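Below you'll find a set of structures to go through.
In what follows, chain A forms one complex with chain B and a second complex with chain C.
Right after this comes the complex of A and B.
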């Protein structure tokens, strides 16, 4: 079962939340960020090349032009591979763990898997970001020494920054699966 | 609760049989290691399993049945499989059946003694057995507290199970035993001739190397080289430190003991690759230097460069003896200091010119020792720079000592001027009543020192800046040497080519689902990031970075204390 809904991010950009239920205890929630716009790419490229041409006219050195082309290409590759995140997804498998994946525009995927025994809870927190107060979803990790303590906070959806309505949907989906581990501890 | 079955992907097309593996009770999961095919005698299977259990200390048992039927499902088979469940009593008994080429298998669990009538959900996790066997799971770097056994990662239990069951994977299907298994190596054990030959050749090579190294270290430790001037020289030259460090590395590699843990094995491999690359780069450098007699040209330009540096210094001193930057100096002190330093430079130049006929030969032979490695060549370069700028070092020491004396004198006489004294016993400033003649002489000396301060301070400033320049250049060279020494090249190349060997964790991919069938997941290895690889497997180096913070460095410079920013210590530091 898959459904997709549109929301807005904290800065106003349109994002889409896709929910998939693979089985009774496995759910995947993916937030898709807006893609790289062609007009902003062309604007940046034109600006860089105009500046390089201006420098060339001043200095009469053709190395400036080839350096500008080189810098633009390398900058674009670095941006697509390391900076621009296309989709952030959360895969919750009850009794195994939670997997957080970020896929970049160049196709690279960076994944972290957190085992269920380390997960204490999934909560929505408030934070002051620049001049705004935003909400973010985070996973609280259990402190092995202290059963009441929290050893680490893992923030989710950091680059897409969905607003509270989207976060509430994700939160409800996660909690439905996390509750199952509380109600079925009868093994061993 | 949910039942998790870890199924190896090599057994997808295996013939029907029974599943053997390990049942982890705390996690309610079954790790399947292999499939035993029909026909078999149950007693022999039980014997084989108990033997495997004895050798590997992993509780391997029969977990269930696997049926792979190419044709339509046979009714008699299901009863036969249930009967097997009574022979190999295992709680719970897992039955997996695959029909034809369908991707979606049906999986059912038989629990006889369970009081829970509800159907358990089953998750099928496929894993690549060979990769899980060969990989090493790295715990996160920030866990400082030791974990108890039950806190250990659930995944590490699975990795351990597969890794320790190596002996199970040694029997392939061409063996004549009573048991026919299917696992990742059931088509025959693969080995490389080159690797086997190298393993055979490494034993005598190690013994030879150990013998040579013991000879060399015996020579180094002999009493002849421990006399005072020589031992002082060895401690100051960074080339000797680097050679000693590399000798230690060679000793680590050539030791006969096999590496026990993963960390030791990686360290040995890293040292070996680092030494190899170092020597290769050194030989490349030597071949480039000695072609077209570049080393002769280098030696020819060395003396003129030293002359040029000395001339620049003389010009600098004459500028200081005049009115430098418009400041008015005390003429007499200026002349004394200036002439003193000029005479030093004159002596230095004479010594350099005395040595000039031998420079080319010395440099030629010293250059050959760059064959021992690029790091040795860089250390030699750093030492040559230190030797050539020895006069700058001497000037810095003279200037610093004079300035330091002056500052201490000034501070002590300033206290006298105010009527106070430094109490050495109590380490504090106390008031003191001086006699009139003490006060008179003290004030006179204070005035003299104060008015002579700008001259000394200027000389001190100029020579300190020159010394800092040389120290920065030497420091950069040592940084480069450290980088080559400590970079774990083997680990980085392993991460590049066989990324599954260094695992930071796992990642799951959800495969196609169908209603009514169990959830299918694919477990893949999540490799370690390059920065964690370098951080985990860094080789320890011998140099210590400046311990002084910027504040204490500035304070020392202000007071005129001598600074040794790149002091080499004897003990190693990580």
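Right after this comes the complex of A and C.
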């Protein structure tokens, strides 16, 4: 079963949450960010090229123009490959673990897998981030020495930054699977 | 014993500071405006260069302006990042002792773990 719903990010951009239920103990939640807008790309390119033309008029050196074209192309490639995230997804498999995937606009995917024995809980935390207080979903990792302790916090959906309504949906889906750990413990 | 009421000693301190600050201000004006030759004829040859009469206030104002930006920056640097455990707990919460639950009494104050808080807020009660 698959469903998709629209929400807003912390900064107001439209994002979409897609929920897929693969089985009773396996769920995939993907947040899709808005794609690179043509108008912002054109605006940045025009600004950089106008500035380069102004420098060319002042310095009479035509290398400035070719350098500007080069910088714009390289900058766009670096932005698409390292900065612009297209989709962030969370795959929760009840007995196995949690997989976090970020797909960049250039097609690159970066994946992290966390074993279920290391996962203490998935919670919505509030923290101060750049003069704002934001809600964000995070995975709490178990401290091996202390059953009540948290050794590490892994924040999720860092670049799409969904708002609280979207986070509550993701939280409820994850908790339904994590609760099964308590009721059906398996010896491995 | 420490009241903000006026006392004779406080009045004397205040007046001494008042006279002292007026004296300092007149001295600064003399140093800044009276030509060097006149000061030499009076015998005052070892005063600092007049350059500092303008430089020190300029340094002070720039330092105050930079101080605003510096304080803002230090605040931002001291804020815990999103992936640190300081956003969840701290040493006092880890070492807290649990008080025994008493019937008909208000429960003791304690730091509630974030998992419990989340379940209360976001999972609907059945």
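In the analysis below, the second predicted complex is superposed on the first by the 185 of 188 C-alpha atoms of A that agree within 3 Å, B and C clash if a C-alpha of one lies under 4 Å from a C-alpha of the other, contacts with A are read in each partner's own complex, and residues count from 1 in each chain.
Assume a contact is a pair of C-beta atoms (placed from the backbone, for glycine too) under 8 Å apart; a residue touches a chain by one contact, two chains touch by 3 or more.
Every value quoted in this text rests on a predicted model; they were computed, and no experiment measured them.
Trainee: Once chain A of both complexes is superposed, is A:111 in touch with chain B (first), chain C (second), both, or neither?
Mentor: It touches chain B, and chain C stays clear.
Trainee: First (chain B), second (chain C), both or neither: which does A:153 touch?
Mentor: A:153: touches chain C, not chain B.
Trainee: Tell me which partner A:145 touches in the superposition: chain B (first), chain C (second), both or neither.
Mentor: In the superposition, A:145 touches chain B alone.
Trainee: State whether A:62 touches chain B only (first), chain C only (second), both chains, or neither.
Mentor: neither
Trainee: For A:40, using the defined touch cut-off, is the partner it touches chain B, chain C, both, or neither? Pick first, second, both or neither.
Mentor: neither
Trainee: Looking at the overlay, does A:172 come into contact with chain B only (first), chain C only (second), both, or neither?
Mentor: A:172 sits against chain C, while chain B stays out of touch.
Trainee: Report the residues of chain C in contact with chain A in the complex, numbered from low to high.
Mentor: It comes out as residues 76, 79-80, 82-85, 87-89, 94, 113-115, 118-119, 121-123.
Trainee: Tell me, which parts of chain A touch chain C in their complex?
Mentor: 120-121, 123-125, 127-130, 136, 138, 140, 148-155, 158, 168, 171-172, 175
Trainee: Could you pull out which chain B residues touch chain A in their complex?
Mentor: 1-2, 4, 25-26, 28, 116, 121, 123, 125, 145, 147, 151, 153-155, 505-508, 510, 513, 518-519, 521, 526
Trainee: Over in the complex, which chain A residues touch chain B? Could you list them?
Mentor: So the residues of chain A touching chain B come out as 22-26, 28, 91, 93-96, 99, 101, 111-113, 115, 117, 144-145, 184-188.
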